[in-house]
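Each of the two complexes below includes chain A, the first together with chain B, the second together with chain C.
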Partner chain A sequence: MSSERLDIRTSDDVVRVRQLTRTLALKAGLSLVDQTKVITAASELARNTLDYGGGGFVLAELIEGAGRHGVRLTFEDQGPGIQDVEVAMKDGFTSGKGMGLGLGGARRLSNEFFIHSKPGEGTKVTIARWK
Partner chain B sequence: MAANVGTVAELVGNNEQTILPEWVGLQKKSGSLQTGRITEGELLSQSRDFLHLLRDGLAKGGNDAANPAYGPARQLLGDISRSRALQGFSPRETATFVFSLKQPLFNALNRNTTLSPTQAAELTWSTTLLLDELGIYTLEVFQKSREEVIVRQQREIAELSTPVVKLWDGILALPLIGTLDSQRTQVVMENLLQTIVDTEAEIAIIDITGVPTVDTLTAQHLLKTVAAARLMGADCIISGIRPQIAQTMVHLGVELNVVSKATLADALAVALERTGRAVTRLKNSVSGSGAHAKLSEKGQ
Partner chain C sequence: MDRIPILKFGNALLVTIQVDMHDRLATALEEDLTAKIVEYNAKGVLIDISALEIVDSFIGRMLDNIAAVSRILDADTVVVGMRPAVAITLVELGLSLTGVKTALNVERGMELIKARLRTTESEEDDVEQ
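Take a look at the complex of A and B:
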């Protein structure tokens, strides 16, 4: 299955992540609504990687299972990590000037959501959206 | 015969008749003409010109690609790279130009019976390094040209003024198109606020039909614009929220807390009503087409 890695260093890269996600979502045959959902989730996570993770990369994959296609995105950075993931996931929590809805929103917009973060080491968030 | 790079220069000069067709053949085989972006004639003349300049470079500059003797060869490679970057060639297609020359050159070296195997091996190695260097140069120019294109396009997009349109006395529309990155939003917002002041507008319709993704950052920008407009004395209506965007916003958890309408037309109807006007259909229209509408202004 096809996969692609994209560095996230600037806000232009966030636009690129959205475009890459759109391309994969189309390939996976996602409906317009599902495309929009996964693209929006990707946008949130890419911007977190950039703003809080100090930059990183995304691994975007077309996946297949039980006769279905889907898109899986893994965002990884080696930034400061998250002290308390449970708190960070809460709607409205932001350590910056955001709305604090990115992480929670990305989880609601995805079929699968994993987050792993260690203070001082970095953060890894994986989402998947199936057809 | 001494095995120096002068030998390679001579070899290239003397064997053009075999090297050139073999090289062009390899380029064609790797698909250089498939996309139809250049013709066979162009490819042939580019290849021949480069071969001549490479021979000159080898004769005067040895195998040091940084030697000024390679200036003309570099110049040509730069031109080819730049034009290919603009024509939409891939990096692979562009680099193939130089790298595919290796095989015909090495074949020519091997056919040269005056060279000992050691000499042939030495020359093959030094020529490899030279062509690698030139190939990398080609890619660098290619990459730089692509970046220049991107920067130029970004500048053009940023400059695409987002016009504030007057729909009626006191009613403005701001049709947003594309990505709302912070730089552009700033310009857009200032534009809108200035026009609100200039025209003493009461209502501003922000239409987002052309915005592909509304994430939390976009939503924040919209909310800030709405709040600032309110401070200037104008109410905002957001229109053009497509169904998939609306659903996504619900999952995301963002609420715009502002009047929103499906289409710009619906938003205009609300704006007219709020400013004391109504649009009614004319019953006895003269032309009989029945599509005439009359705008009546209350209290004026």
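Take a look at the complex of A and C:
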């Protein structure tokens, strides 16, 4: 299955992440609403990687399982990490200029959501949306 | 640098967002709109987002900011043309855009602004009497 890695260094890269996600979502055959959800989630997470992780990259993959297709996105950064993931997942939590909807919102917009973060080492967030 | 065009339309300003918004473009739009509201003494701002495939929390915050600044400058902001899939996604994301008025299309948005202008004018008449 196809996969592509994209660096996230500037706000233009956030736009590129959205475009890449749209391409994969179309390939996976997601409905219009599901495309919109996964692109929106990708946009939130890419911005987190940029604003809080100090930049990083996304690995975007077309996945297949149990006879259906989907999109999986893994965002990784080597930023300061998250002190308390539980707290950071709550709506309204923000350590910066955002509205604090990024992580919780991205989780609600995805079928699968994994987060691993260590203070001082960075953050890795994986989401998947299935057809 | 790219700029989003702002059209004057009677007492209102009309903005059509057609490109994938990035940070600088959003900041420039906020500044340009604020200046035009004052320059034209505009009472309404119509923002057409029918071309937008997604509204994330960044764009949501921009719309909220524009509405808040416009309100302080005595102008109403109406966001028009949101796609159904975008509306569904916004709610799930947790963004309710509480400070922003919405209408299905530009025509209805214009009606909202005109209705508000009529109310304001009649209130002013009352004061004069």
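Here is the rule we go by: the second predicted complex is superposed on the first by the 131 of 131 C-alpha atoms of A that agree within 3 Å, B and C clash if a C-alpha of one lies under 4 Å from a C-alpha of the other, contacts with A are read in each partner's own complex, and residues count from 1 in each chain.
We take it that a contact is a pair of C-beta atoms (placed from the backbone, for glycine too) under 8 Å apart; a residue touches a chain by one contact, two chains touch by 3 or more.
Bear in mind that the values here come from a model prediction, so they are computed numbers and not experimental data.
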{"item": "Clash or fit, chain B versus chain C on superposed chain A", "value": "clash"}
{"item": "Partner chain(s) touched by A:Ser43 [first = chain B, second = chain C, both, neither]", "value": "both"}
{"item": "Which of chain B and chain C A:Leu32 touches, first, second, both or neither", "value": "both"}
{"item": "Contacts of A:Gly105 with chain B and chain C, given as first, second, both or neither", "value": "both"}
{"item": "Common interface residues of chain A - those touching chain B in one complex and chain C in the other", "value": "11-12, 15, 18, 32-33, 35-37, 39-40, 43-44, 47, 91, 98-99, 101-102, 104-105, 108-109"}
{"item": "Chain A partner contacts - residues on chain B that touch it in the complex", "value": "154, 179, 181-182, 212-217, 219-220, 243-245, 247-248, 251-254"}
{"item": "Chain B-touching residues of chain A, taken from the complex the two chains share", "value": "11-12, 15, 18, 32-33, 35-37, 39-40, 43-44, 47, 91, 98-99, 101-102, 104-105, 108-109"}
{"item": "Sites on chain C touched by chain A in the complex", "value": "20, 22-24, 53-58, 60-61, 83, 85-86, 88-89, 92-95"}
{"item": "Complex contact set, residues of chain A against chain C", "value": "11-12, 14-15, 18-19, 22, 32-33, 35-37, 39-40, 43-44, 47, 91, 98-99, 101-102, 104-105, 108-109"}
